[in-house]
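Each of the next two complexes has chain A plus one more chain, namely chain B in the first and chain C in the second.
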Partner chain A sequence: MSAVTFALKAALRQRLDVSPLIPEALAPLGPDQIGAIPLQYGNRTLAVDELFDFEVGQGDPGVIFRGGSEKLDYVGRGMTQGEIRVEGPAGAYVGLQMKGGRLSVTGSVGLFCAAEMRRGAILVEGDAGDWLGGALPGNRKGMAGGSVVVRGCAGARVGDHMRRGVILIEGDAGEYLGSRMVAGTIAVKGRVGAHPGYAMKRGTLLLFSAPGSVPPTFNDCGLHTLGFLPLLLRSFVGLGSSAFGICQRVQRYAGDLAANGKGEILIVQ
Partner chain B sequence: MLTKLAGGKVYDPAHGQDGVVRDIFIRDGRIVDGPGGDTPDKVYDLSGRIVMAGAIDMHTHIGGGKVTIARTLLPEDHRGDPAVREGLMRGGCGHAAPSTLTTGYRYAEMGYTAGFEPAVLPINARQAHMEMADVPLLDVGGYVMLGSDDFFLRLLSSGADQRLINDYVAWTIRSSQCIGVKVVNPGGISAFKFNQRKLDLDEDHTYYGVTPRQILQSLARAVHELGVPHPLHVHGCNLGVPGNVDTTLNTIAGIEGLPMHLTHVQFHSYGTEGDRKFSSGAARIAEAVNANKNITVDVGQILFGATVTASGDSMRQHANAGHANPAKWVCMDIECDAGCGVVPFKYRDQNFVNALQWCIGLEVFLMVEDPWRVFLTTDHPNGAPFTSYPHLIKLLMDRSFRNDMLATINPDAAALSNLGALDREYSLYEIAIMTRAGAARLLGLSDRGHLGAGAGADITVYSPQDDVEKMFEAPDYVFKDGELVVDHGTIVNVVWGNVHTIRPEYDRSIEGRLKDYFDRYLTMHVDNFPISDWELEGDGRSKILIHPCRTGGRS
Partner chain C sequence: MIINGVAIDDTFAEAFPMKATRVIITALNQRWAYHAANAMTGFATSVIACGCEAGIERELDPADTPDGRPGVSALIFAMGGKGLAKQVETRAGQCVLTSPTSALFAGIHDGDKIPLGKNLRFFGDGFQISKQIAGRRYWRIPVMDGEFLCDETTGVVPAVGGGNFLILAESQAQALAACEAAIAAMKTVPNVIMPFPGGVVRSGSKVGSRYKALNASTNDAFCPTLKGQTVTALSPEIESVMEIVIDGLSDQDIRRAMRLGIEAVCALGAANGVRRISAGNYGGKLGPFLFPLREIMA
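The block that comes next holds the complex of A and B.
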């Protein structure tokens, strides 16, 4: 059992796929074996010890990327247990198809963070790129469980094809929030871009500021006092976000009526 | 450059050689009778090894719009099967619909040196050729699709003279640089656009008032009278519909003795017996094929796993779209003149229907007696990707392996099939007929598929192994036009294949009529429609090989 700390020897010039560096894969390995793991770096394959200084410490199985990099892709891909911490920014596909454990990034992350995630928890202290909790292009299932907290802002298409789980964005969110969403919950404390809930079938978008316009395929269902909202919001604290406060009065819009129409946009009053 | 392949055991059915130990000499890419007094520059000692001509896949979807659509539709197929750049091979990807380069490498690694794209839409022919030109190491050719296009249906419904139809068919073959003619769901692709959801052999097209039977007869006659070596390549009516065995038998009877090739016949051999109204019609199909010497078939075997079905038959693909797995599909019109349907599919061995399809295909293989008239295909990628051919060959050559597999599939399907009772095992000689000599003869490729003097030196060398699947997966050597391209599983030289075509003669007066039609209805000028030779050869890679048409065919 060990926690492995990686620090880049030099700034990355190409994108680096670090998907092999997940806790359960490293736990049984010694330093020599870890150093020999091949990583895809641009169009070349390099060993871990060519790219990273690393040390194997004591403690629970875990991985720490010291410094991070915007070109560090696939951090925690498919991880099932343990903890990964990136001290700095990370690239695209952070927590792709993650199935358990905890993953945190102190900086910002790129595209497709938490895409097709199944279980576990992701915390992004900075901003997240497009397709947060979405599905890879062509796939039909986005995030299907677990929780994601973004302290900063998120890009477009958050929760595209999302099926289950919770995404909490403490800053703003881009266009097409919850597009093609099948189920699940997305809460945004800041502003949202155009076309929220585009083609959503079911699921909940909880917005704390009114969008520029609610799409015409959403039906205004009036003002409601929802008893479950304080419970839901309190649960967010347990997921690692206390920015949302407590409220229960919302304007409810049902839609997208162009795609089944069982979803809802709740706008906190 | 003279190369000697010394002492291999040669399987060359075109010359009746069944395991004859002999030397083969290659001079400048062609096989020659002897060294002519010269000392070979290079000698390969092949004693104890098996030598065959390069294999020919006579029905494989490797180019054209639908392959591109399949690739676009299934990015997960590419993500899930990356082919990393290695040695001389450039990077690629794809299991069911691999990228062009990867297609060429994988075929070559299995000892295949030619593949024919069976569904070249005339209007898309240029793109299909461009795509096939990007497949390395493989000779290519196409069958041009007719039978649901407006110009032809107008001719037929107006009772035009057969000679006019012949001229149109010949003009289309030449313009599209193809080697044969295919008809897909005759008239059905067009009828679909007139809101017909099925079209039986003797059912009228609601607009043109012609039946698939008339379409088949007219096209088969045209192909025959033009002297096109490859018989009309027929993807019949009612693909995949239980009970279509009767349609297929009627199709065979209805062609009235003209040569006809029934493709992926497995999908057209379904009966309606049993509790689930789905049964094997393979015995009746095989009986009809055995009795009618004008008929050839390729099987379109399914093998279990994930793949994608890509077809011009938008009518049947639309009907099957509900089975799409993953749940997404494309059915589209092509320039108001043809169709296309792409439906991803997973064949599962515990699924009754899939398991019975598997049995039916193998039954056809084993019950059609003449290996010269049945061809080894999976209708790549519709039944399975072409990379599964070695596995399929093992199923045909090894009865106990076949029965072991039969014991693992859906038991109800296995019980309904007589596969277990069929004890035929294909010999290496018969496999060589199916995949080499027979295919070359069927297509009229006089210089391929055999190892006699004058043949293009496309040669595959295997080490005999107990497990024939392993043997056919990884030949020791593959030569393409005399160049060693694969050496024990490694691509050692990347060469580019030839384009096989024919040039049937026709009366040029049809061109005036076509010009009027193009100007009025189609999206391009008629002069831009034919593909010129320089478009195929201009980059210096592909070379056009023109095969002669039969003489005396024209009435």
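The block that comes next holds the complex of A and C.
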């Protein structure tokens, strides 16, 4: 068991797939074996030691990417345990199909972060791109468990096809928030773009500022004090976000009535 | 052994294994939490005919409840997990779901799980909403006063039922006063309930009856009006006997409650008409848990 720290030897010119560099894969390997792991770099395959300076330390299984890069794709893809920390930005597909462990990025991340995630926890200190917690194109099962906290803003289509789990966005969220959502919870502290809850079947969008307009396929269910909200909001602190506070009073809209209609948009009053 | 003029019999109480769970009931205010809890733990004095034994364990401050509202915790005991599951679900559905502003949470998360809101959710007729929060599944069931929030399951743990002691006094009023003092002291002990009305039983039973259809009948040896008619366990000055039955999550919890209760009774002492403390047992044949009075009070 070991913690491995990677630092890029030079700025990336092509996109780099680092999906083999997950804690459980590296734990049984020695430095030579780690250095020889092939990575897809643009249209070429290069060994780890051609791209990274790395050192193997003691401690729990973990991976640290020092510096990071916006071209560092597939960080923590399918990881099941341990911890990955990116000290800087990361590229697309961070935490794709993640099944456990913890993943944190001190910078921003690109498209499809937490897409098709099953378990575990992701913390993004910066912003997140489109399709956060969504499904890959053509797939119909998005995020199905675990938690994602984004300290900054998130792009469009957050939680597309999401089935379970929690996404917390402390900044703003883009258009089509929770589109085609099947279940789960998305909370947004900032503003949200147009068409929230588009075609959502079930699930909860908890919004702390009213959207420009609530979609016409959502029906107003009135102003309510909901007992589960304090429980839910307190649990956010355990997930690593204390930006949401405690509230109980919400305006409830049920929809999307063009889909199953059992989802809800709760707008905090 | 004599404490403050009260003789402690050289005998033991005998208890048996049970299964138990704890539930937490919250409401808009403490009064309505009690309404729901009293209903849920009503008609639950003895497994003989009630299906379970239940009682309110303690009052909970908002800071101690899952949803930050006033509440109470209740313990429910039954002879087996299946019986307990049936009783918990029925009582939750009829007594807590129906009670205005109530919410119902699991108070034990270990052990096997039995349904709490798992099947009650169907009352929502398709409008119920599941929420998984911090690893636990809750159900939000729409009801006419808003939403009924309920844990999906609660945990079942092994427990002990039937701990007891008898208070023998010179009059009915003095026996009752001693019982009230004991119950007040025992209610400070966590993990135990005294399931009978006010915590006190006046109709202690023996095993068997001269009537074939009955498995239990009045404990004639401790009935003061039968002193001249049966093999009595009472001396001439005893005019009234009352019993306190204790169910607990462990035998240690019952021991602690028994000691506190007997201490409170003995504090009243012979000056207040309390003459003896005894206990009900079945010669060690009923269950594996024995509570020797003198050992507990040593």
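The working rule: the second predicted complex is superposed on the first by the 269 of 269 C-alpha atoms of A that agree within 3 Å, B and C clash if a C-alpha of one lies under 4 Å from a C-alpha of the other, contacts with A are read in each partner's own complex, and residues count from 1 in each chain.
The rule we apply is simple: a contact is a pair of C-beta atoms (placed from the backbone, for glycine too) under 8 Å apart; a residue touches a chain by one contact, two chains touch by 3 or more.
As the structure is a prediction and not an experimental result, all values here were calculated from the model.
Model built by superposing both complexes on chain A: chain B and chain C fit together without a clash. With both complexes placed on chain A, chain A has more residues touched by C than by the other of chain B and chain C.
In the superposed pair of complexes, A:R164 makes contact with chain C only, with no contact to chain B.
For the superposed model, the angle subtended at the Cα centre of chain A by chain B and chain C works out to 110 degrees in steps of 10.
After overlaying the two complexes on the shared chain, residue contacts for A:A183 are found with chain C alone; chain B is out of touch. By the touch criterion stated above, A:T204 is placed in contact with chain C alone, chain B being left untouched.
Look at A:N43: by the touch rule set out above, it reaches chain B but stays clear of chain C.
Closest approach of chain B to chain C, taken over C-alpha atoms in the A-based superposition, is 24 Å.
The touching residues of chain A, when paired with chain B in their complex, are 43, 136-140.
Listing the residues of chain A that touch chain C in their complex gives 164, 183, 185, 202, 204, 224-228, 230-232, 235, 238, 246, 262, 264. Residue ranges of chain B in contact with chain A, taken from their complex: 73-76, 79, 85, 91, 326-328.
Only residues 66-69, 103, 126-127, 129-134, 138, 140, 146-147, 149 of chain C touch chain A when the two sit together in their complex.
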